[in-house]
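Have a look at these structures, which come just after this line.
Next come two complexes, and both contain chain A; in the first it sits with chain B, in the second with chain C.
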Partner chain A sequence: MIVTRKALARRTFLRGAGAAVALPFLDSMVPALATAATTLKPPVRMAFVYVPNGVDLRNWSLGYEGNLDKMSRILQPLEPYKRDINVLGNLTHNAGRALLDGPGDHGRCSASYLTGIQPRKTMSNIKAGVSFDQIVGKHVGAGTSFNSLEVGLEDARQAGDCDSGYSCAYTNNLAWRAESQPLPPTLNPRALFERLFGEDAAMTPEARRSRNLYRRSVLDLVSDDAKRLAQDLGPTDQRKLDEYLSSIREIELQLARADKDSIRIDPGFDKPYGIPADFAEHFSLMTNMLTVAFQSNLTRVATFLVTREGTSRAYREIGIPDGHHPLTHHRGQEELMEKVSRINVYHVQQFAGWLGKLKAIQEGDSNLLDNSMIVYGAGLADGNKHSHEDLPTVMAGRGGGHFQTGRSIVYRKETPMCNMFLTMMDRMGVPTEHFGDSSGPLEGLDLS
Partner chain B sequence: MKTDATCAQTIISRLARRAYRRPVSAAEVASVVKLLALAKANGDGPEQGIQVAIQAILVSPNFLYRVERDPDPKDAARIHRVTDLELAARLSYFLWSSLPDEELLNSAEKGHLHEPAVLDAQVKRMLQDKRSAALVDNFAGQWLELRNLDSVKPDPDKFLVWGPQLKNAMQTETRMFVEYIMRENRPLSELLTARYTFLNERLAQFYDIPGVTGPEFRKVDLTTDQRGGILTQASVLTVSSYPTRTSPTIRGKYILNNILGTPPPPPPPDVPALDASKVGSEVSLRKQLEEHRNNAVCASCHSRMDVLGFGLENYNGIGRWRAVDGRFPIDSAGTLPGGKTFASPAEMKTVLLGNMPEIARCVSEKMMIYALGRGLQPFDRPVVNQINADWKAQDYPFQTLIYEVVRSLPFQERRGETVSSKSIKAKETALR
Partner chain C sequence: MQAAEKPPVGLVYDANLGQTIDSVLALALLHGFAGKQQCRIASLTINYPDLRAAHLCDAVERFYASATGPGLGGFVPAAAPIGIAEGHKAAPDLPILAKPWESKIKKWNDTAIPELLIRNALMAQYDGDAVMVLSGPATNLASLLKLTDILPLLSAKVRVLVISGVGFNADIPAARRVLAEWPTPIVCCSPEIGEQLPFPGASIDSAFSYNAAHPIAAAYRAAHEMPYDAPGAAMAAMLYAIRPNDGYFTTSEPGAFSISSDGAVQLQALAGGPHRWLKADPAQRERISKIYVEMASAKPVAPPPRRLPPQLQQEQKPPAKPVGR
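Here is the complex of A and B:
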């Protein structure tokens, strides 16, 4: 049953970011018993694994609805996890379309993917919207070390023209903290390791306390500086400074949490050396760390930009020396389409590997995958045609035992992708009435 | 003898002045000096205290943001000169990609920097300083797309010699070449036509140029017309290719974008691509591209783009000279829409040089964007026109452009921002 949100009391709306968020109840308002009950249940986590340049739809599409049976060639690597996933059809991002803005589908589809907002066509004063993962992260991050994690495997250039007048900031980021502030993915496994598990694992509690004391004093000082500066600024500068201040506040919150939990997390593997040359190894290292981050509640929200939208990366690992993007403009030529399919299969294989890791981690009588929503998706459907409807989407995990899985669900044509976001926000405990062009939560996922 | 306290005070105020690029108030210094006391109270030594203080200075918005004040930040009609201190920062970030040094800061503090003679003298000094290499690295790195060399991945099966050493050599060649043109104040046209370049043994071998030994780079005179100017340098030729082959279209677009300043409109969606597997085996690349241009819609842009790119077909996907592609002899002849023809890369460059005013305009616009840190607006047009008129009169010496940009109105002035009633309303809503 779909719960309508008419009855929600005490709503406070955060406006202006394409989203109107109903803030969750404060912890102190939840009766003590309920708190005890909720702590027994593992939290729900969510992640997006984004692949660029669309897919070869001939080999992606299942062609049937209902229980998952024969997998398509590209989805074949997910065969072992057939009972843990749903394949969703007809989800559409209208904001990725031209809508009078001309060419630049690659720039638009990645920038709008999680923001639900058509980005401003520009190479300088970029503007999209707050991405929904960031809204969720802000609300569920309090009990964790990081509101969200952003990772990727390819270069994270932020300036320049990456698609017909769209800034590289649009193609090379998924998460947007503010409408003009994307969060670039971390590419280096070593950097991610240090961020998650601390470069200071060897520090004594005393040294850490001392360092946090200094950090806090420095933050106090610079936020005073910023407040003084903020007087008499034009609106654009004001916004920049607001972004600065909000980053400061985030670090302050992190410090406050770091004070509380002095337990260090042992990831169970060694610090990686750097960026591995091998794609599969790089992918695997990143997902190892995301797995531990979810497992140890370091974060509950992650986005993984496998490669940048519009990328021309070649896949010599599997004998494809051609650039991915030029291949996808195959003009229906069998040989090129075959290569696209092989790249698609290769990506899904890596994804399946991650699902295996998540599923192997027991949480009570369920497992980490059950308690997650891991979406595998592309911002374009057909990379040759640049289509924005029927976007390839797999949702893995039961969202905390809430979803019925193992099915192919084909929605009505033009169903907004943002509807899926609403459903996910709901599962993450951030019920929201409206996001982007949403028309209501996605039906048919919940257990009946 | 100075006490510890005054000593710390001196260190902090000096550092903060440099970092914030302006004189700092006693209160500002005091707020940072407090951190020293904190460290002491926490049982740490003065080194630790200074370390924390430096941390604070380096994350302060006064350091991280280049602050420029408007008398009325919400009135776009009020145009005003930036202060001398603000001008000093604009200048040092333009020429050095870094903060002003003591001399520049001094001149600004005394209020002389805006005087034309003083300003010119500072530009001269700063260009002579080795720190101006940052202008070449960052400006040329972006303009000529040299930075992309770090992310391109030529197919090692097709290009056996490709590797980090060669890639670095390519980058160094172009960087030293552009730096030479800037430092020696050579005319802009030399960027395309120079009869010299900078090579080490590795790159000279790659170019089949004899007599260059050892890993260090040096200026080498060129004796054939296979090489000469940026369009024949391997760095540029590599970043404008696909991983497995050349793309006359991308190279042509590179020339239109970066040299002539007349970017083609983006292609319509659903464009057919080439059958790469056939290139060089069943039919020549040229032939394939020509067929593609039979379509009138495609031809409107590709007749310029592809033709310019064909002029560079003698260089393979990583810029090595070649006479054949697969089984087909290279044909680098072409006729541009205006009727001008060429039969080799060298001749194509000559044709390009006939467009010197367009080339200069393209470079000057890019330099303005780099210096101002913003895109050009229609109201900048008169200034760009004036700069180009003055530059042309002197036959385009490279440094003149830099002086002209610094002297220009947009570089020295600013204004508030128009605040639309809509955004004021949005702000009020947010505050409620």
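Here is the complex of A and C:
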């Protein structure tokens, strides 16, 4: 047998003047004579999508264990993906509770969500802990362009009192690089795009607008390289490459629309350049870029703070002019609870859209969603009671074929959320004995 | 953050509910003192691995919670979880568990992992403001000792661990671990003390008669054929834990406990040792019996609100300032 095919390096870039586009996982990256033991498996990625102010548990909870069957009202948008997810019950973050620090559940729950540490109650000398996504990112980031990506949709300040004496740094960040160093999420899609694909993020909006008149697509810059590469690829990989480059082009077009929208809708408003006016469009744009970043191994770790904890954002997009946070203190009033549920459904709809994108991307015999762990969750369970147990949690993806999905799993009460982190760290190749208040890995997720 | 004025002592009770009526009476005693704000119930766990024991505990808790209506603004505090050990039952079923106790607990995941419930409860106590009472095997406490960084927490929070000797030797490896590693003083109440200070069974038909469905009275009647006076080692341990300085009991010279392979607990004299026996004073018998009945039969009372619920705190703030900006 004569083997002529050469394996393409996993970290291959398409290069052009001032641009470098990483490639997705292609069949050609598997060595031609690879055995089962040496077959290059797609890497496992992980992300957290955090929603604030808890949920309406009446409409979140499934009320059963075992195989996912009838979805609850809030989880209904995940119906097409219920074979790809697990709904986890009774996970607890004790560090989010008051313990001895009094009011401030919003500040505590967001700061402790990924750190597992009760934050110091302060507005100045903040202190929490290194979040586990950063620990993982540091370990797996050597093979990627970015240790991690932090994104969000809502502008927020980083100082001052955001909840009963807790600094805004606690409510407005998920990821913490060091115990006193939160990583603010990137809100502007163009800034994220340029971080991923270019180096002009520091330009002023005016300069960028002027430049954009003459701007060529980043794909134009690398097109020659792409053509050369395509000649060496099989038909399947050629199709994958086409789809991948098309998705980048789609993001560019979305960004162009966002630029136009932000000028057309609110020309005099001091608003970050390039942020879509529409919440769903903004969410879609950010997740498109996270998808590409995962697909092309630019990063394997991401956190997505949908809106900041305790936010009073209104959702006029779905006819809710009231602030989210005040609504969650509904005191049992049905009208207000209904609005909370609608916001919760709206958020899950956006999340479902992302899962669809991930699932559509083939990676060998599996897909990008299969090779990921995408957690959708909140740091509060019931926003009215400020409860920190039975936190709403959906784990999407099979963690690289390791998890059995399609189930509702209810753990015993007080099971630490940090146990799930331990399990995720293990799947990311960062086995750890202890994190936060963990008592051991989370059981029941693995294929038996 | 540590406040200058501490609340009443927080009591962590790990009980062999279902195996002895004594442990149920100790729970009633605990509620009696908590109702008079002489202690707080920090956590309740069960070391007898039978879900029906959790049903019994839940029934008792729901009875005492019945006085707790909606607070200001209609805010109803969530029921505290009950922790229970999982594992193999070493003892035969007892009549007290044959009774169908009304409970919302249907499955194991309606209950908490005991060692985590205890740890999390301790983290919410002020330093030196918690006491622990163990009646039965030390299974749960041995699991607690396996948790990372638990020893500094126990040292900081727990004044004393008071053990009722009845059933302590049912899990000898766990008992050995606790006696060897527990970082705070331990006081042990021998089964003999329980025999010397029984609960007066005649009071069941009188002191508890204010409620025909009183679960403590029902449990007492179900446990053994009436009339009888139940041995009270767990009650003695509970009384000492809550009121150590009221002269009900004295303690032995210090030493170090060990447990033999046949389950006998012995105290080796050791100057400055961390362990002591609880000692009964015959002159206190009537006084102890009286307080047993008074506190165990006390009517449920609503606990004082510890702080305003979140939405009312919001109302007291200037209305224009949203949380989270």
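What we mean here is this: the second predicted complex is superposed on the first by the 334 of 448 C-alpha atoms of A that agree within 3 Å, B and C clash if a C-alpha of one lies under 4 Å from a C-alpha of the other, contacts with A are read in each partner's own complex, and residues count from 1 in each chain.
Here is the rule we use: a residue touches a chain if its C-beta (ideal position, glycine included) is under 8 Å from a C-beta of that chain, and two chains touch if they have at least 3 such contacts.
What you see is a predicted model, and the numbers here were worked out from it, not measured in a lab.
Q: Would you sort A:103 into first (chain B), second (chain C), both or neither based on which partner it touches?
A: So A:103 meets both chain B and chain C here.
Q: Which of the two partners, first being chain B and second being chain C, lies in contact with A:312: first, second, both, or neither?
A: Both: A:312 reaches chain B and chain C.
Q: Contacts for A:236 in the overlay, against chain B (first) and chain C (second): which applies, first, second, both or neither?
A: The answer is first: A:236 touches chain B but not chain C.
Q: Now for A:322: first (chain B), second (chain C), both, or neither, which partner does it touch?
A: A:322 sits against chain B, while chain C stays out of touch.
Q: Is A:439 contacted by the first partner chain B, the second partner chain C, both or neither?
A: Second partner only, chain C.
Q: For A:244, decide between first (touching chain B), second (touching chain C), both and neither.
A: So A:244 only meets chain B here.
Q: Identify the partner contact of A:276: answer first if only chain B is touched, second if only chain C is, both if each is, neither if none is.
A: In the superposition, A:276 touches no partner, neither chain B nor chain C.
Q: Where does A:413 make contact in the superposed view: on chain B (first), on chain C (second), on both, or on neither?
A: It touches chain C, and chain B stays clear.
Q: With both complexes overlaid on chain A, does A:222 touch chain B (first), chain C (second), both or neither?
A: Touch status of A:222: first partner only.
Q: If you lay the two complexes on top of each other, which residues of chain A touch chain B in one and chain C in the other?
A: The answer is residues 98, 102-103, 105, 157, 164, 312, 323, 326, 329, 331, 384-386 of chain A.
Q: Using the touch definition up top, name the residues of chain B that touch chain A in the complex.
A: Touching chain A from chain B are residues 31-32, 34-35, 38-39, 42, 44, 52, 55-56, 59-62, 64-65, 67, 69-70, 73-74, 142, 147, 150-151, 153, 155-158, 242-244, 266-273, 275-277, 374-375, 416-417, 419, 423, 426-427, 429-430.
Q: Name, in rising order, each residue of chain A that touches chain C in their complex.
A: 52, 65, 89-90, 92, 94, 97-103, 105-106, 121, 156-157, 162-164, 168, 171-172, 308-312, 323, 325-326, 329, 331-332, 384-387, 389, 410-416, 433-434, 437-439
Q: Touching chain A in the complex: which residues of chain C?
A: Listed in rising order, the residues of chain C that touch chain A are 1-3, 73-75, 78, 81, 83, 108-113, 115-117, 119-120, 123-126, 147-148, 307, 309-311, 313-314, 322-325.
Q: Quick check on the complex: what are the chain A residues that touch chain B?
A: Residues of chain A touching chain B: 15-16, 98, 102-105, 122-125, 155, 157, 159-160, 164-165, 210, 213-214, 217-218, 221-222, 224-226, 229, 232-237, 240-241, 244, 312-314, 316, 321-323, 326, 329-331, 333, 335-336, 384-386.
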